[in-house]
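Note that chain A is present in both complexes that follow, paired respectively with chain B and with chain C.
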Partner chain A sequence: MPHLNKKRFFSSKKYRREFLEGMFLISIAVLVNFVFGYFAFAYAFYLSFFRWDYITEPLFSGLDNYLKAIDELVKGFFGAKWYEVPFFMGLRNILLYTIIVVPIQTILAMALAAIASSRIRGSSVFTTSYLLPGFTCSVIIALIFIYFFSQRGFINYILNSIYPDFGYPDWLYSKILIIPAMAIVAIWGTSSNFAILFIAAMQAIPRDVLEQARLDGAGPVRRFIHIILPLIKPTIIYAVIVGTVGALQMFDLSFVMAGPQGGVEYSGMTVVLDIYRTAFAQLDPGYASAKAIVFFALMYIPTVLFLKKYGGGFR
Partner chain B sequence: MVLSTRVILGVIAVIIVVVAVAVVLYYGMQPKPIETVVIRFSGWGAGETEVKNYEKVISEFQKQYPNIVIKYEPIPMMFHENILAAFPAGTAPDVFYVDSSWAAIFVSKGVLKALDDVEPNIAAVKNKYFDFLLQPFYGPDGKLYGLPKDWSILFLAYNKECLSRAGLNAPPTDWSSFIGGLEAITDAAGKPALVDHYHWRTFVAMALAYGAPYPDFSTPDGVRSWFNREAVKTALKNYMDLYLNGYVKRLDAGKTPYVVLPRDVDSGWGGEAFGKQAACFTLEGSWMIPFIRDQFPNFKYGQHWDIAPLPGGPGGKYTLAFTVILGINSKTKHPEEAYRFASYVTGKEGQEFLVVQLGHTLPSIRELATSPNLWPEHRKTLDQLTLYSNVYVWPTMKSEKAGAVISTIDSVIQSYIASMKETKTYDLSSLINDLVNSIISASF
Partner chain C sequence: MRKRVYYELIAFSAGVFFFVVYTIPFLRSLIVSFMTWEQASRIPPEWLPNPFILENYLRLFRIELFPRWVLNTLLYGGLVSISNVLLGLMAGYSFALLKYPGRDLLFNALLALIMLPMFVTMVPLYVILTQLNLLDNIIALPILGLVNVNTVFMARQYFLSLPREFFEAAKLDGASHLRTFVEIALPLAKPLIITITVYQFLGAWNSFFLPVIVLKSPENFVYAQGLNYAFSRVWYVEYTPIIAGTLVGSIPTLLFFIVFRKFLIGGIVIRTYRR
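And now, the complex of A and B:
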């Protein structure tokens, strides 16, 4: 009986050995995850109920920090001044940034992967050159782009060459343009990372399926829409989720491009930058932790809903 | 002859006693081993040269004090964040840098050891230093909580060619005539007269010169009352009008602006713009001097550019000082040894090597102001000290959250500057209102 066999297998010496070996192999990763992941999360949750300045004893403050964080969001929604509601400004900006970055980076990554997987001449050179930004530190990329985005920089030069009346906006000091500027840098830097995922997914598609479709008269576009896309759906979902979480947690680009102050009227502020400022400039790690937990909840719920609706293949 | 058991035992006993006495005498005559004390020291390590110089000073110190071992642990990035995180973890170093903007909170929270408790002759020690540099490091108990390792001063740097083209020998000495003369200098020199960041540093120096009191932002009422002063309002209006008239309106009229931000002339900061000769004046600190020597070797001090004190006003002439102390952790197990090290580094011997010879900053010990090794540019800034009514140490405000307050003030001013470029105007009362509310929001 299968049930008995299973029971016998789990109680066997071989299983016990495999189990121990498996536990040993994952132990370091699990330990690191516990210390820097779960413990840090649990400690932040604990801290969020206290008023503290790192030096003196923490004072229990109940839900005060949470009420303050929610109050900031509500006040921001109803039009409070930017300097009163950095948390709201950070959330508003990061949502806009995510909306710009995730779809473009996913589509671009798929297009790049399609070119790289094709047998077009020179595609390997193209792939290597395009994948290069993915291996470069984002801070370095941001520092280079600061010069590109300056008033007399490369971006304005190109745009004015195409459209002479474009003008010379100061991208990083413009309330409207700073988030698109960060999004451009992020898309340029990260879509190559996702392209690697899509290349792997596309190369895993059985060649005979595509060959059969070709023999049936399907062109490259139809093959892509009707065969490749459905087969790489789990990878697309993975890329969208990881891309969204990564975009929502963005810190480095805003710190470098908008500055630690969050830019003009906090137009370059992000939630994580605000949490950092609250913790280390305003010396309020309790409130910073509460903001982090509220932000986590805001991120977690839509992710779970998205996974529930589209994540069948992914899981 | 057969020895009896008693004799054998007696001989053994005598041998044991003799050996024991010999061992005791031998070790008793040996010099006692030195008990060493380890002192952990952290700074932010501004580059390889500074780290190497510290290592040299530490090795000299250890020759003089062989019982104190200094473990140098520079923190190159996010220094204060690291130090703050080290306190709850109980891993904070024994001696560490404390920037003047963090002094108020570190002293009030009991993080630092009072030097009065470890130095019996504290009055004589204090007397060696420039008094104004010690002011932010006194606690409410009147005790001193650290010795400044070096300092920088804010000054007015000017391009001599610009001035000679405008028919001037030296820059105007008060803010009104200085601002009033910028347009003529620009027209004569053909380049922007002033490059400024538009931030708290310049604004507070101006406000003090216009007669404002020292800012007390420790209460919301203190914030409101400071910004409600006529001197503050006048200074702020003149400062913002300068950009409106000198940049926004000049550009609209198709003329060269007479005031610019560093980024307006493709520079990261005032010193860079000045070194590139993109502007005639800048208000920068001592850190600009080694930068100009290093990056613009053909733009020579004395020949092409010179240093003047900041302009004054009806309230007097004021400048700002930027300093860092070597604080001693109040929880150190070895306060005497930690102080010995801190006082060596910040003392005459340490500063002669680390500060005067390196040439990056100014010595905080008065006696070293006449050192023959001091760079002439630095000497000039020290010679001009007597011209000031007072020198205030950064952050030039009374607030435990000075870092956050300065950040918010700079954000508000920058936001108004950015809007001004689009709207071609600004509203002074709403600017004051936003400054007051943002400071209160960031502090309380």
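And now, the complex of A and C:
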């Protein structure tokens, strides 16, 4: 409010009243979110410097928790046994998962959106079927897919009818296949959420631009690459960032499909599941908070750098 | 012209392919939920239940806690919807239409919280709930979700999109902002109220991470959590009742999706184009 002088503002009865009414209306929303957001964040930061068990007096331990977290990552990197380094296993798995999920889900979402916004026969029926999984509970989706991923399940059947030598592995108990299994479930479930964004972005493209390109003789592929793609670039950046941040935080699929213990030799462990276990199974909230803050930093520093570099048109 | 037909054929086949990919898991589950486990685990898969049984659903409804889980989830969804509509609309209206010092600062501070992931704050939230004696209590969930930042943001965008004149007239009449809010803004906000309710309700129905942290005894679980619990305890050998449970659990989603599709999709689009 550049046109209002602060002093005059508070001396005027009308403005003072607007201030009080405004503050009253936002008070609960601001209070609740500040307590559960900023205060909780500060408290987690504080706890990360303590050794504690929820009951006795917290014991100040300096940077011990952070050193332990970094030590786990370094040791894991140099080949320590899986049971010594759950944090490293979680980080390794979640990076693999994210690298599988984000590109496929983004490209798939664009393809779905392209089909949905094309005027081909049946596109509205198609759209409905594409969007439903995105609103369904991820735990329910995971439970459905556990059945499909079982040894005698649907997925092995399909893979064997395409490629007969595939065999009949039990995906959820395989150290190699559990993360791809979770990635498939995640892609199936969330690509539709991102498809909605792309549908909206594609509908915002002016019709006459596309019509002109068509008259100039550009086919659908060229129209897509030279017109649609540049125009939906901000949406792509948004989908990649939100998708990455979301994938890195994956917890429920791992909890349901690999189990709360993180699966066979931690093959289905994720960082957030490890933090959860540290906090509530091993009752070490200080260490859990330190790991959470380390992961938070690892997650957001690249995001911010990426946004600085490519995010010109974003927001 | 020929080329165009060719392209349309490709697009149509792709459409059909993805249609199959996105509906088969639901369809297959529906069929399997009427099968015996013995038949459901055959290879190659069979597509006609023989014998056709309802036993899977009956076993699901026979779990003592099943109605509790549904009721818990409904309570959570109901409370969180009411509080979000009321408090979110109040805050959104204030942020959109009133002018006072500190308004934009507070709004930006709220908006920044979207970036704060739950895994950072879960230990403190757990400690706060312990202090409030709310651990293992379903009420803890609507308290944590009392008014979501996303709700406030959606409400603000909505009120900003309405023509100013609606509110100017009331202002000239000397009505207070609180009165304008109740008498003018609320009746105008019907689509917004539906969107928020649908989102919060589905959010509660789909929630898992918070319930897993907060709720400890099976009788307090929400639906998804209970289903996962039943799966890992009771029927590890027979999976068909769980499939039946997933379908029952998808019913609210399906209903909401059919009835409120427009609002659900609109909500996602609003969330993307922040500011």
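Simple rule for what comes next: the second predicted complex is superposed on the first by the 281 of 315 C-alpha atoms of A that agree within 3 Å, B and C clash if a C-alpha of one lies under 4 Å from a C-alpha of the other, contacts with A are read in each partner's own complex, and residues count from 1 in each chain.
By definition in this document, a residue touches a chain if its C-beta (ideal position, glycine included) is under 8 Å from a C-beta of that chain, and two chains touch if they have at least 3 such contacts.
This one's a predicted model, so the numbers in the text were calculated from it and none came from an experiment.
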With everything superposed onto chain A, say whether chain B and chain C fit together or clash. clash
Chain touching more of chain A, residue-wise (chain B, chain C): C
Given the touch rule stated above, what does A:53 touch, chain B (first), chain C (second), both, or neither? first
Answer with first, second, both or neither: which of chain B and chain C does A:188 touch in the superposed model? second
Could you say whether A:84 touches chain B, chain C, both of them, or neither, answering first, second, both or neither? first
I'd like to know which partner A:150 touches here: chain B for first, chain C for second, both or neither. both
Touch test for A:293: chain B only (first), chain C only (second), both, or neither? second
Check the residue A:170 against both partner chains and state whether it touches chain B (first), chain C (second), both, or neither. first
Looking at A:280 after the superposition, I want to know if it touches chain B, chain C, both of them or none. Which is it: first, second, both, neither? both
Given 55-63, 73-81, 235-243 or 379-387, which one is the stretch of chain B whose C-alpha atoms run into chain C? 73-81
Which positions of chain A sit in both the chain B and the chain C interface? 54, 150, 152, 280
List the residues on chain B that touch chain A in their complex, please. 78, 80-81, 84-85, 87-88, 105, 109-111, 263-264, 266, 401, 403-404, 407-408, 410-412, 414-415, 418, 421, 434, 437-438, 441-442
For chain C, which residues count as touching chain A in their complex? 3, 7-8, 11-12, 14-16, 18-19, 21-23, 25-26, 28-29, 32, 40-45, 87-88, 90-91, 93-95, 98-101, 103, 106, 109-110, 113, 115-128, 130, 144, 146-147, 149, 152, 176-178, 181, 202, 205-206, 208-209, 212-213, 224-225, 227-228, 231-232, 239, 242-243, 245-246, 249-250, 253-254, 256-257, 261, 264-265, 268-269, 272, 274-275
Please output the residues of chain A touching chain B within their complex, sorted ascending. 53-56, 81-84, 150-152, 170, 173-175, 260-262, 264-266, 277, 280-283
Chain C-touching residues of chain A, taken from the complex the two chains share: 1, 4, 6, 9, 15, 17-19, 21-26, 28-30, 32-41, 43-44, 47, 54, 111-112, 114-115, 118, 120-123, 125-126, 128-133, 135-141, 143-148, 150, 152, 154, 156-157, 188, 192-193, 196-197, 199-200, 219-220, 235, 238, 245, 249, 251-252, 255-256, 259, 271-272, 275-276, 279-280, 285, 288-289, 292-293, 295-296, 299-300, 315
